[in-house]
């Protein structure tokens, strides 16, 4: 595992995420959000989970990000500039970060390097999905269908 | 093949029922589809019936059963089943064949009715229920179909619901038969208690087989009589016959199908089916229960024949004729001539359906007129109807040699003659034969001969869809006699489970001459009495009946159906009213008073406890509630409605957990 | 320098906190969704990292499976959530969550 | 001999890398990657230039005129002239545009288009980047195009741009489903998402003559047709070019772009077309395999580019022949026809597989497709809806 790549990716990801959380213009924030997810996908690549990374890019850049920008477009009237900012949130977030970091650093058993493992091929993931995880898979299918229909029904123009 | 048809017997009733459901789902305008569906269902039932009929020919006394468990309660399993034996098979073919003719006839007869679709749904439903009744191998299943048949009859009699008389007739039919069914039900319960099974045939352990019968002993007589109550209701036997003539309020095909050919025969069929119960422990085939059957039958047959002479409504005459013939069948069963009774039932099914359809055709031609005194001269105007009607009339009267009714009637007379208990039924039956010929002659003279009168002036022959079934049934009524003659008593042998021998010599026997003389006498008497009646012209349509002219008091007695309805009105119904009033009064004053008294006591106690509650307990509770409410108000402040506040609370909670974790470890 | 599990976890914790920041501090409903998606992604990162650093490899790869399912669920959540934002906007003419407080106690 | 010609490019790269024999491994890796990228860009930018002029010439021939023939021999230097023109044009950015987004959109769209090219095998041992889930990578990266188009529409702050972008995204979303689902039967049958494996699975020949390309199975043929049509939509080409229909909304999301940014969009569109066609060749047309065993002496990459050129020619041909469809027709066909048919392809492929992949399977899967196709056409009443229109007043 490449240390340099890790540093580059984490800086990219965290910067994009911070931009997504703080940028004034909503559209810029949404696009930063997309970049942040590219970074997370890169992390997954780095960790050897290529398939998950690709799926993440596919779903988040191809679908969720587009959905978000469309939502921004459809609710454009009052949000050209989002002025409100709640500083108490920053305090809580920082506190949570400190707490988590402290807990992670304190746990000595976590400071390990990655062992050598067999490459995770798509075939193996597919086999797992189709054998031991076939019921969760079906449930997810059902859930996605329900979400699709639910979202449609929610967003449909109400008849007057 | 045998096992195949046995396991699929349930299809025979199921298909017409399914057709009925399908028709019900159609809209009112889909007349053609309704008729086609009904006819297809019936054709299927007929085909299956013939298919089921075939294996019963191969061996004598063929009997196959298919039993299954309906449900289990406790350790008892309630079992139902279907049976196929000569009795059932012959009935199946007759019902489905006659039914098919009537279905086709109805297409023409009901063509103008706005509830055409509903009519066919009911007809199909009836047909399915009747076929199921015949096939049932369990008294319970038979009872279920029995009641379904009753329901169908109710629906069809009251088909023209907008007519108050039809609604009343339907109600009357339903309630009257229900009285009989009560007896049937009690008998069934008793039977179940005694023998522990309601299956007729169950590999030796059914209630009609030796093992089952052995458990009954003396109670068999009462059980049989209770079941006979049901048969009396359904078959219109005295004293429960009153509903049948009124049932003529239904459309004519209904009268033909239900109140002539099939449903009313169910009572006779029931007696034949459970005949072992009736004949249990008899000497020379005479038991007390069978004696009751004979006398009820005789009474019914004679009384109905007498009433029929004085009726003016074409359908009512036929209705009383049906009642009379059913009485005849009961007599036959009672004296031990089971096969003869069933033969007559089958033959009667054909020619009575023919007569009813013929009368339907007449009524159709006369724009709905029922009164025979207003008809006349239809012989020339409706030739097909006339010819077929004449065939039916002769079959009913029992003109020998060519008509099915004659042979079966002779068979019954022969059986009655040899009844050891008494000879009275025999002679009374002979009188009945004369009366039958008389009233039929009267009817045919009024309707078809003489001059045209008020209603028959513009009469016309019915369309082909109506005449074709007539012709078919007439052909049946004639050719059915082939298997009935003593020379080759095939049907008789078939029903009894014996091989049939051919012997021309047996064709000529004393009974033929007796019957010839009697029928001749009846017809001759009729022609003599009514010779002028037919010639009355239209101005004198209200001319009094020749018989009325001679014996006005007797005629009035007969024309008013022997005042049986009025008698019931005075006795049974008055009593019911009185009982109802009494119960009402008891309810209002006695029981109500009791209840009110208790209520008053309760109220006093309630006042007492209220005061305790108000001042003692409530005060404490009120304080608690106030406290809770204040707390609630305080807590609801936390519910700011701000998602982010909640989210922040979550995050803080997580942080707290983290700290707790750190503190612990 | 080879990254250890700890570093991955810290990055993921940072991502989580940034998501929390977005969800807590911004007034716009979409930001809350963005924040939640980021928190979920941080959790996914944890799943993958734990799978990768497990001393004995799992068969089937449980962490990867969990991450996959979690991605699918969060996609569904995003779709429904955004539909709700649109509906809320249509109804109240605002997407400011401060003003969407009809359930105030 | 033919083998060395076949492997001339991989060998050249090996030779190039052998100069770095002593360097650290990451350096060799980086150089190797850079070489691949360089080769890709060189080949496809040349192809882009070539195709842009060829398209104009072919279209001209279809429309019965000459086309560009002034710059260079047969007008072949026309793209160079065009490029120079584009480069020296003024780059206009609308005053109220969202400048950053406006700038990033063409960058992103070109980047994604070029990235998708990376996973396609162009010849034996000539896949630039071998990724385990190459097909998934293709679509994952390709789906970013929609975001880029949206950015272009939003960043321009122009109604036409926004409407064009909406149209483009709507139709791209709709057709991404059939596009991906038609790929699934191939993935299923091969059992791999790796393009190399898919190509390898089509290597055999029946009787040494008829290649076992998936396009020659009923499901493959049906899937290929659906794939091709979806590809047309994805690359916003006629007859599905409503997002940039010049007679309706100027140029759609590209309205506010000029100069080099516009050229980038233009290039991205063409490269997207190359990528989709390349994927189609890989999935259905046997990749770089020769159409007959005897023809294998001709190097594999030549075959790949021949097939690619044929597909590109069909693209141009379609553009010259068919009129533009309405947006509602496009959507209807996507959801009511393409999607069910795409699913049918999956079923047909399964039937083909379980019936033994032989003649029997061939016939069975044909039956499935024919049945569903017939049922769909009856259900959708195509005979009436797609009948020739009767003009009552125009004559």
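Think of it as A, B, C and D in the order they're written, each chain with its own count starting at 1.
Following the convention adopted for this analysis, contacts are C-beta pairs under 8 Å (C-beta built on N, C-alpha and C of every residue); 3 or more make two chains touch, one makes a residue touch a chain.
Everything quoted here is computed from the prediction, not taken from an experiment.
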| item | value |
| --- | --- |
| Winner on C-beta contact pairs when A-C is weighed against A-D | A-C |
| Cα-centroid distance, subunit A relative to subunit C, in whole angstrom | 6 |
| Distance from the mean Cα position of subunit D to that of subunit B, given in whole angstrom | 78 |
| Gap in Å, rounded to a whole number, between the CA centres of subunit D and subunit A | 29 |
| Length of the line joining the C-alpha centres of subunit B and subunit C, rounded to whole Å | 74 |
| Shared-contact residues (touching 2 or more other chains) in subunit A | 51, 55, 63, 70, 86, 88-89, 92-93, 96, 100 |
| Multi-chain contact residues (two or more partners), subunit B | 644, 648, 651 |
| In subunit C, residues with contacts to at least two other chains | 20, 23-25, 98 |
| Pairs of chains found to touch, sorted by chain label | A-B, A-C, A-D, B-C |
| Of subunit D, residues touching subunit A in the complex | 26, 98, 100-101, 104, 131-133, 136-137, 139-141, 143-144, 146-147, 150-151, 154, 162, 169, 173, 176, 191-194 |
| Parts of subunit B lying in touch with subunit A, wherever the complex brings them together | 644, 648, 651-652, 654-655, 658-659, 661-662 |
| Contact set on subunit B toward subunit C in their complex | 635-644, 647-648, 651 |
| List of subunit A residues in touch with subunit B within their complex | 86, 88-89, 92-93, 95-96, 99-100, 102-103, 106 |
| Residue numbers on subunit C that touch subunit A, as the complex places them | 1-11, 13-28, 30-31, 33-35, 37-38, 41, 44-45, 48-49, 51-55, 57, 60-61, 64-65, 67-69, 71-73, 75-80, 82-87, 89-90, 93-96, 98 |
